[in-house]
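Next up, some structures in structure tokens.
Here come two complexes built around chain A, the first alongside chain B, the second alongside chain C.
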Partner chain A sequence: MDEALFLSGLLAAGIRLAAPIALAAIGETISQRAGVINVGIEGIMLVGAFVAVLVTVMAGNPWAGLAAAILAGAAMGAIHAVFTVRLKAEQIVSGIALLFLGLGLSGYGFRLTLAQGGSAVQVPGFRELDLFALSDLPFIGPVVFGQHALVYIALFCAAGLAWMLASTRLGLMIKAAGDYPQALDAAGGDVDRLRFVCVVVSGAFAAAGGAFLSTAQLWGFVENMTAGRGFLAISCVVFARWNPLAAVAVALGFGIADALQIRMQTSYPGVPYQFFVIAPYVVAIVSLAVASKGSRMPAALGTPFVSQRQ
Partner chain B sequence: MLKLLTGMTIALALTTGAAMAETKKIALVLPGPVTDGTFNSAANKGIEAAKAKYDIEVVVRENTDFAQIQDVLRSYAEEGYDMVIGHGFQFAEPVMEIHAEYPDTWFVVNTAQVAAEPNVASFDNRWGDAGYMAGAVAGLYTKSGIIGHIGAIPVPVIEDYNKGFEAGAKSMRADVKVLSAYVGSFTDIARGAEITTSLIEQGADVVTSTGNENVVGTIQAAQKAGVHAIGTAFDSQAMAPETIITTALINMDVNIDLAVGRLIDGSLKPETYVLGLNENGIGLAPFREFESEFSAEDMAKIDTMVDEIAAGTLPPKE
Partner chain C sequence: MSAQAASFRLQAVLAAAFMVAMVVGAILLAGANPLSVAIGIGERALFTRAGLLEAVLRTIPLTIMGLGIALAFKARIFNIGMDGQLIAGSVAAMAVAPFLPLDALGLFLLLASGLAGGAIWGGIAGIIKGRFGGNEIIATIMLNYVALQVLSWLIRGPMQETMRIIPRSDPLDAALRLPILFEATRIHLGLVIALFAVVAVAVLMQRSRYGFKLAVVGANPHAARYAGIDPRWIAGGVLALSGALAGLAGAVEISGVYGRLQEGFAPGFGITAIAVALVARLNPLLVPVSAFGFSLFYVGLGALARNGVVPFPIVNILEGTIIFVFLAGGIFVAHRTKRVQAEALDG
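Here is the complex of A and B:
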């Protein structure tokens, strides 16, 4: 096959595979920067995927579905925030509970609604954009100008949040909440309120990632369709050293590795397929091992904060 | 109060005891959710039909991990179920390990070939024949001469289907190129779709897929790319009427109807029942709108092939 065509197909597929992971990773970065780890984003993604499909079908418009998914994700994030920030519960335990809550809610909701009819429902999902009518350009067209709207939104959000963390007062306060909350508290900041908001925002991003899966990459919901992408997003955050733009880059690397293994499988039918399927995970583990050396984890990550002020 | 409760419990035990003498209790244990639109949906439909037809009491257990299978089987046997149906070849091994301890319960395994005295039977469908029919249709339909099969994980029935698909396609068009890839998961619908897209980019214009939810991914990828698909196991043509040419049916409802019927009339034996075209264990779904796209000559070829499979002369033995 033509090399340029192969490469552009590979990159486009890599971006599609990366987008849900990248969206979830952006949210998780913000939450962890503020000091709250959320291992339940997989569950939030599932709820987002389901709500997006349900509302898209009801309203006939994928943007309505996306908006509803974001609201649902924020609500799920708020549950995690109530337990971890307000009630100071163990963050990992609350996150695991959230995972199973999301798995159950989305599966049960699906059965109560869309799965009732027995046959599949047509979902009027997102289509790829054609920015400036340039998506037909050879090679770069489909990759640069022909992606889903959510891909551009994710990039924009990641850049905005990276700038916010690096150069604004709010960013400084978020970092302080995650690194040395006592200082923020002494300076008169409200650590718990800040953490609460960040966890809610992380839920909204995770749900948008789920909505990408079910209304852009695919048009439909199946139970447990995220298949571990929420956990990959968490490893992206660590590897990217808690930088939202770098997290998107890592997710992209992972997506391209996955797209490549898919293509290698058919090119080398003699090699057992398992070697190819594990390739992206090997990339993830090796890079984590290399990156964790100089890692700079938020110092107060996972630690509930109790204000000393009266 | 305590007396009343005890009395009620005894009364309840008596009534259920009396009912048990006639109504058979059957448990269907599934590896996935009943909403998957293929393998598990088909089994659920089968047990629903059986419930309407026979005097049985049914419980369906979904999403059973491999590690849980033994415990789940034991708990149903201990609760006095007359038959426990394990839906999938992965149930064979745990069933063989525990069946002797529960001689009053029948253990039935779907899509596997195991049997043991006195209480293990299995129902297997001819997945290879189903793949052969799908391949033949794909071979006749393809314009590009390239077709693809996307399997979930290369378990025996999926490999049989894959081999049949290739042989069937080559029987109709000798120069056809058959691409094949595996998802590595039964549930990862997104990756199933991306793998399908990559085969389409390599020129495939008819694709087919085996597994659970991943099949939906293949059908959607074909739909978006404007190429065609052949469904498997469960006729989901309504999902994408312009995309799905036909479906290589694996009629799980027939497996379940046979198992339950034979349990009730006492003719169930500890052996493997292999269900092909003649037993209605597999089949080819109607072509519907696509019928007009095949020439009379091609339709005749398909009919002849189906007859020969029923007669046992196709597919060629290795």
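Here is the complex of A and C:
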């Protein structure tokens, strides 16, 4: 029974830790499928995390914070889109600039507002759903029915996106924009507009991931609190071969690894804790080496498109 | 100029103007006057002796690291892991220090160890990129976090000072410290090393076969393959090479400034080095100029932040904005649009 309890707790915590990475990975999948790589989602997540806490405190409602974070993330995505899609700038460099910008804006805003009081601010963040009898079920209760509402929304989004990419006209157009934009262009589609929208949406998802981190997983903002989760999300996308549902599954793997290392820290006090902290990063590095071999990324990923139509 | 190109340029100007307006807005939000902030930066950085010297001191590691970024980015290999490579280099230097002779040879070997440590840390990312085709951005970033944690363990464990009070190493022997160049300043021999590195990297990039290969791989990996250049070898090698420069910068900082290993030295230098190299347009001869410019900015802003005029993260906002403005400015480099079109056709 102890093992079952441990496993149930581990899975429940793993899902909670995976959710921010999964949300960001869903967004990055959309953007990369359309042909735009965004290495700055770490910066967008930070802005999302900060804005969510700020507005949650001001409005007293975490959903208002989430909405504000999504808007801020979309705006950050729009900056990336203007530079990469409209101005055809180097996508990686624009992403790096976005990372600095997000790091700076979130830290700057935090020191101007929440950090002013000196004492920690009370954040009325998200609580786990309580579906009464269901959540009290042994083992599966806390894992399946005891999560934050956002977890279910993320899963729903991933499934919807997978369906959209596989079976709709819009999905086909997005894939064309990322794989062979000339064809979409010749068929009369607007490659740049499609890419622009996808990049903005990916920013919104990344910010929602940040909001989860700061208003559901933790209740508060700390400078640079994402600690590489944005980059973990990008490696999820690569590892999942640009499939949104698989990306969520990979994120769950990272989340469980993280939950496990936290538990190991207390179980093995003799081992320096730093060795456990690096575990998820090492998992990411190794999986990157294993998964990249022979993976087929969107053919036009990273390439600006210039329409040849007059 | 066609109407299309004109509207393209207008958009670039508007985008750059928007980014600058955002910085001005951020300063206004803090209740400060953007004009007096700008003047304050100039006054502190350019017209005080302490400010100017501090900027020169900061220019040394940023130049060495900016050169490494220029090399890698030339081949379109995006090394974002210089912070980790710098740590690896300084750890390697401190680890061999107790076994070194206490003379000029020892100092040379200390710096060489830093170089080697950085090369190994960059080389790990190089293997992931070159051998397995893994994205180097993710690999180098992840290795940053690993390096940070390993350093945190080392200075609380095997490499902690003999007193075992503060998480830091014992000090380096005076013989292994880089000598001070000018009386009553902190400017050390690293300045000469940095300038030497500028010349070496400039020759490598602009006069050697290797530099040409980097440029070919960066411009078009497919063409490189036809020319008998293996882009995977170039990618792996240049990651190790730029890591080596970051490691050298780490050893120079330890030996020239701090004299011991501790946490949080050279904060964010790896990120700033990227901005330095991009603004220098990856030209090694311009890297020191750009590094000095960024250092002046940092010193000036840092002084204002300490006085509570604006919160410190304005530095990051400004670095991001400078890169965005640089990207928008790239539109105006004449052949730029043509190259993009050629790439689009090629893709």
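Remarks
Following the convention adopted for this analysis, the second predicted complex is superposed on the first by the 300 of 310 C-alpha atoms of A that agree within 3 Å, B and C clash if a C-alpha of one lies under 4 Å from a C-alpha of the other, contacts with A are read in each partner's own complex, and residues count from 1 in each chain.
The criterion applied here is as follows: a residue touches a chain if its C-beta (ideal position, glycine included) is under 8 Å from a C-beta of that chain, and two chains touch if they have at least 3 such contacts.
Keep in mind the model is a prediction, meaning the values are calculated, not measured.
With chain A as the common reference, the superposed partners chain B and chain C clash. In the superposed model, A:L112 makes contact with chain C only, not with chain B. After overlaying the two complexes on the shared chain, residue contacts for A:V277 are found with chain B and with chain C alike.
Judged by the touch definition given at the top, the superposed model places A:A183 against neither chain B nor chain C. Contacts of A:E223 after superposition on the shared chain: both chain B and chain C are touched. More chain A residues lie in contact with C than with the other chain of the pair chain B and chain C.
Once chain A of one complex is fitted onto chain A of the other, the partner contacts of A:A89 are limited to chain C, with no touch recorded for chain B. Of the two partner chains, chain B is the only one that A:L17 touches; chain C does not reach it. Of the two partner chains, neither chain B nor chain C is touched by A:A159.
Contacts of A:L170 after superposition: neither chain B nor chain C is touched. Judged by the touch definition given at the top, the superposed model places A:L7 against neither chain B nor chain C.
The superposed model places chain B right into chain C at 257-265; the other stretches listed in 203-211, 257-265 or 293-301 stay free of clashes. When the two complexes are laid over each other on chain A, chain A has residues 107, 111, 223, 227, 274, 277 in contact with both chain B and chain C. By the touch rule above, chain A contacts chain C in their complex via residues 39, 43, 79, 82-83, 86-90, 92-94, 96-108, 111-112, 181, 223, 227-228, 231, 234-235, 238, 272, 274-275, 277-278, 281-282, 284-285, 288-293, 295, 299-300, 303-306, 308. The touching residues of chain A, counted against chain B in their complex, run 1, 5-6, 9, 13, 16-17, 20, 107, 110-111, 115, 119-120, 213, 217-220, 222-225, 227, 258-259, 262-263, 265-266, 269, 273-274, 277. Partner chain A is touched in their complex by these residues of chain B: 33, 35-37, 154, 179-182, 184-185, 187-191, 193-195, 197-199, 201-203, 213, 216-217, 220, 236, 238-239. Chain contact summary for the complex, chain C toward chain A: residues 8, 11-12, 15, 19, 26, 29-30, 76, 78, 80, 124, 127-128, 131-135, 137-139, 141-146, 149-150, 152-153, 156-157, 271, 274-275, 278, 311-321, 323-324, 327-328, 330-331, 337, 340-341, 343-345, 347.
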